[in-house]
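There are two complexes below, and they share chain A, which is joined by chain B in the first and by chain C in the second.
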Partner chain A sequence: MAADWMILLPYIFLAGGGLFIFCAAILRPDASGLYFAIALASVVLAGIAAVFHPPGINFGGMIDAGGYARFFAVLVCVVSSFTLLLSLRYAEKKGIAGDEYFALILFAALGMCLSAGATNWIVFFLGLELLSISLYVLIGSSHDEPASNEAALKYFIMGSVASGFFTFGVALLFTATGSLNIADSLSNVQAGVSALALFGLSLIATGIGFKVSIVPFHLWTPDVYQGAPAPITAFLSTGSKAALFAALLRFSLVMSPELFSYMTPVFWGLAAITMIVGNITALAQTHIKRLLAYSSIAQMGYVLMALLTVRHDGGASVMFYLAAYALMDLGAFGTVALLSRGGSDIDTLQDYQGIGYSNPWASALLAVCLLSLAGLPPTAGFIGKIIIFKSVVGAGFIYLAITGIVTAIISVYFYLNIIVTMFMRPEKVPVDLAFRVDPLGVALSGCILTAVILLGVLPSPLLSLIERVLYSFRI
Partner chain B sequence: MLTVIIFLPLAGALAALALWHKPKICRWMSFSVSIADLLLVASLSFGGLRTGSAGSWLLLEDHAWMESLGVRYSLGLDGISYLLIFLTALLGALSVLVSWKQIEEKVGLFHFFLLAMQAGVMGVFLATDLFLFYLFWELQLIPMFFIIGIWGHAGRIFATVKFVMFSIAGSLLMLVALVALYILRGHATGHYTFSLFMLTGFPLSKTAELLIFSAFLLAFAIKIPVFPVHTWLPDAHTEAPTAGSVILAGLLLKTGAYALLRFAFPLFPNAARASVPVLITAGLIGLFYASWIAFAQRDMKRLVAYSSIAHMGLILIGLAVWNSITVSGAVLQMINHGITTSAMFILVGMLDERTRTRDLAEMGGIWGQMPIFSAFFLLFAMSSIGLPGLNNFIGEILILVGAFATHPGAAMIAFGGMVVTLVYLLRLVQETLYGEPRSEFPAMWDITGREAAILVPLALAVLVIGFYPGPVLDLMQGPINSIVGGGIGRIAALP
Partner chain C sequence: MIASYNELILLSIFVFILGAVCSASRRNLIMILVGVEIMLNASGIALIAGSLRWGILDGQVFVIFIMALAAAEVSVGLALIIYSHKRTGSVNSDDYSRLRG
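Up next, the complex of A and B:
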């Protein structure tokens, strides 16, 4: 039985770290450096534990312990550790560093790992709620800023409604199939697909659609992304989306072919409209965080497009793109965090004029991440896009692929516009007087930048890892 | 070896970035890197390039890269690409010299982009894997975006965004077409590959071939640029710094024509054959229309830019007619255009540095003030017109003679187009060099040593190709015969 508990080690590290921070805060209040250290150590330990997992398949039929869950656990841990590092200076400057800030990041990470790894609807729901509730608080953590409070409230209300949809959907699916096991309930819809199960599944898809901001459930996204503190926005847009898409991919992989064929036109339409609305709306934005919010909506459209093709080779495309997307959005929102002084984040496009010369590393990071989001080589985003288009064209969704490429062409314009602002418009503040990113920030920028380019030039190790993970998943 | 030739400039680019705060060292470093690259390219010709053996590929490199996608890192050098990478290395070194005084700000960054672009262009000319080709194809674009956008003139942002949007629209559609081709072949044979050699000759259905070919054609036509999609070019040229114009006209436009020759036509022979009338018409329209507009220009740089479109129109005709004579002419003309038009842009840039204007109305009587400069100006203008004995004449005559056999009408009209070229270029020369000075410019000085070092190699190239084109033509003969003959060259060296 000992080995069974070892399976839970990553989860234990995350939960234990969070609780430990709360305990430490009782003994040593206001030691934010200490909380940060504990949080970072727990995330790193959890990540290591997830990599060197003892072999196990399942924990009590509730949590997947195979390669698939571990892949996403590691991804979440990487994202969380970058979020923590980005937060270190940022939270001090804004005066929001405290035990709850760092502990809640750990709990949210735990929620993400749970929802990516759950094989039971109840566990998935636990993960979903854990990550949502932690994020509600984190989004509102700049108490003095009305925008932050508004964002938290908005996300809370929207998120609660989404959870309601989701729970009802699970209840209906349970009624229709008599099982709370995800794989059983989705694959055992035999003798024709029952209307009840389909209705339940649509409600579940709606609930998750809210969380990963698929059009038309995306309306909260720009406001929340703009209002939340920048590192939290980075965390929200990468970690929670990767985890929930991981769940969505799991559902699609285990779904019976009949059921999936019912979902295909739905996904098709949602993917097309998400890419179109996301990219076109982004054209009109004048605030970086809103622009990136719409861009992230559009990016989810591309992932959804790949999700359509899981019956062919889409699973690998989804997983690779999620990893690439996590890196590049982390870099993009991370730059906003790095460049922000106390007070509100720098957000309007004018604030970025000439920043390329006062902060070369941070702006190089932003530029590369934007080029990557636009899908230009030699970046992770390019490989991600080419793999997605390979799957989509290969599965015969030609019109969807063309929609995707046309919207991608449109998107190049607004991504370039930010780069133009950073490097080509005259400086607003003389370079000598401008704000400069601290050395830690420079190191982080260099790190993410290298990762984005490296993944674009040498994607093979990650791709073969994903292939192996998916292979083990199918068995 | 080929890898070194591509990545030496890239290493130089990174070094330039590291030397951000030392502009002087940075210039010397960039110059020596590009000269070293030029020497490397030149040294290839001692390794038996002129043996004239049966195979058209002289050097091949092939390594596994992204196994699961069937992407290989494979490069190939034949006579055509040898000439073009030689041109690339030469113009790369000259661009550093050209920018010596013109670029004063952010010197490190400028040389980073300049050298990175050189690497990208080299890659385009050498790649034989379509994925790798696409990678380099985009890689040459981004640095140019920055070079125009940061160091350009007043309207630079509009110009550079327009340039990039045109290029990206073309290349992303090409990417989908490329993926479609890859999938179709993969489904049919079970072997997924981006290799040019393996994709050539794969039979496609008629519609699929036409659609995929159109996407490729659009991407390349935008780059060349062919008549209806040429509008980005005058803006980009007008706003770019001189080195940007040199690279743009001398190299980036060539990549479009080269890609048409190397990839689009051999991969889709039936669709290409079907589109010949369209291509010839577009080439003719480009020739006349651009000449006509060039005649109306007051801005010298815009005039040269339009003349560039007209010349590329002729090259397109040469490629479209698709026999070994016209294609030889087209390839030779690609080299010639790279030399002559770059030189014209450099000269206009030098004049701009002295007079601070490019307005034809303010020029005049330059010969009296700067005789050596004017002699060069006249030489390159004559070369551009196609004066016998100079380089352009050979290329143009090959295209026209070759085209006459199969498309006499088009050849005759194209000949008329060359007369039009004569008109606006003579006007340019006359208004600039001769007559009375129309404005007082405070400081006019003749060619400096650095400027002579730029112009003399180009002038020599003009004369050498004009009088003795034999070796150059020999070099491209083998590959052209095999490409036009429907093959893609001997690939014995491949595993």
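Up next, the complex of A and C:
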């Protein structure tokens, strides 16, 4: 029995750290350095616990304790520790550092781990809501900025409507199949796919589609990404999307073949329209955060395309691309956080003119992440796209693959446009007067940059890990 | 007379549509929130119907979680709406359009 509880160690560290920060804030108000240290320590401990915890299958039929959940728990911990490090200076400059900021990052991370690892609809629902409610507050945490408040309001309205849809979908699926276990309820349907179960499933897909910004449900994304504080945008666009896509991948893997054949045309259409709309709309953007928002929508289209091929060994391509995407979007939004000087974030394309001369490391990070998002070698995004297109063509979705390749080529234009602006135009401010990123920021840029390139040059260790994880999932 | 499973499902779908229409058509932020609450309660009714149909308690357990989470969601949402109202003096969703493009 004692060993069973060890399975929950990563979750206990995250929840305990968050609660501890709230308690510490009663005794020592305004000690934001202390809160930061506690938060970082709990995320790192949770990550270590997720790597090393004793192997288990399942916790009471509620939480998956196998390699799949641990893979995403580690990914979430990496993303949240980088978010915390990016937030350290940023939150001080903006005057938003406090107990609730750091504690809510921990709770959001807990929600992500729970929704990636849940094997029961109740736990998944709790994880999803924990993640969303923490993020509503985090997005609105820049009190002085109207944009941040408006972004929080928009995300709240969209998110709560989405969770209303999702909850009703789960209720209908339960009514149709008689089980709240995710695998049982999705595979029991094969006895005869009832209209009620299909309706429930489509509502669930709508709810999750909102959260991962698949195209007809993407309208909140650019506004929220623009208004939110930059480190939170990085967190929102990487952690929550990776965790919810992990859940979607789990649903697709355990779904009965009959049900999956109903979902295939839906995913096909959504993937195509997401790639097209995301990449074409990004062409017209002049604000970096909005542009990256549309780019992240488009990236979700590629992952959704890979999701179609899970029956043909496409699961590995989804997981690899999610890991690569988390790193590169973290780097891209992280650069915006590093370069902002207090006040509102630097956002327009002109602000980035010639910034490569005064801040070589931060600009190099942004440039490499953009190249990776565009899918150019030698970066993680290149390998990820190659694997996705290979599995999509292998599964016979030729037209979808062509759509993906054409939109990827179009996207190269706007990514390169930013890089040209940064490095090939003269800076408006003389180099010696320009803002400079602090040493911690330079070190962070170096880390993320190395990781993105390393995954592009040497993908095989991660790929073999993913294969092992997926193999254990199938048993 | 005890309501049958079919009647409960029809009721929950009806209530859900009411909630969805309310949150989609109203421009008042508080009314949108009310619509969301109605949708969540419709899920509660559907879960009770499922419990009735299959004779298991799981659905009723879920309803308790939904009630707790709906309360948390509303408290965060109302705090956000009150803060926005103090700042701009409006609870109309059309007035929040600084971010666009």
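Here is the rule we use: the second predicted complex is superposed on the first by the 475 of 475 C-alpha atoms of A that agree within 3 Å, B and C clash if a C-alpha of one lies under 4 Å from a C-alpha of the other, contacts with A are read in each partner's own complex, and residues count from 1 in each chain.
Heads up, the rule we're going with is that a contact is a pair of C-beta atoms (placed from the backbone, for glycine too) under 8 Å apart; a residue touches a chain by one contact, two chains touch by 3 or more.
Not measured: the values here are computed from a predicted model.
In the superposed model, A:V469 makes contact with neither chain B nor chain C. By the touch criterion stated above, A:I122 is placed in contact with chain C alone, chain B being left untouched. When both complexes are overlaid on chain A, the residue A:Y413 reaches chain B alone and has no touch with chain C. Applying the stated contact rule after C-alpha superposition, one finds that A:K390 touches chain B and leaves chain C untouched.
Counted by residues of chain A touched, the larger count belongs to C, out of chain B and chain C.
In the superposition on chain A, no chain A position is in contact with chain B in one complex as well as with chain C in the other. Residues 9, 12, 16, 19-20, 23-24, 29, 32-33, 35-36, 39-40, 42-44, 46-47, 49-50, 53-54, 56, 58-59, 61-62, 65-66, 69, 72-73, 76-77, 80-81, 83-84, 87-88, 93, 96, 98-101 of chain C are the ones touching chain A in the complex. Taken in their complex, chain A has these residues touching chain B: 357, 360, 371, 375-378, 382, 386-387, 389-390, 393-394, 398, 401-402, 405, 408-409, 412-413, 416-417, 420, 423-425, 459-460, 463-464, 467. Chain B contributes residues 20, 65-69, 106, 131, 134-135, 138-139, 142, 145-146, 149-150, 156-157, 160-161, 164-165, 168-169, 172-173, 175-176, 179-180, 182-183, 186-187 to its touches with chain A in the complex. Here chain A touches chain C in the complex through residues 121-122, 125-126, 129, 133, 136-137, 140, 146-147, 149-154, 156-157, 160-161, 163-165, 167-168, 170-172, 174-175, 178-180, 196, 222-223, 226-227, 285-287, 290, going by the rule given at the top.
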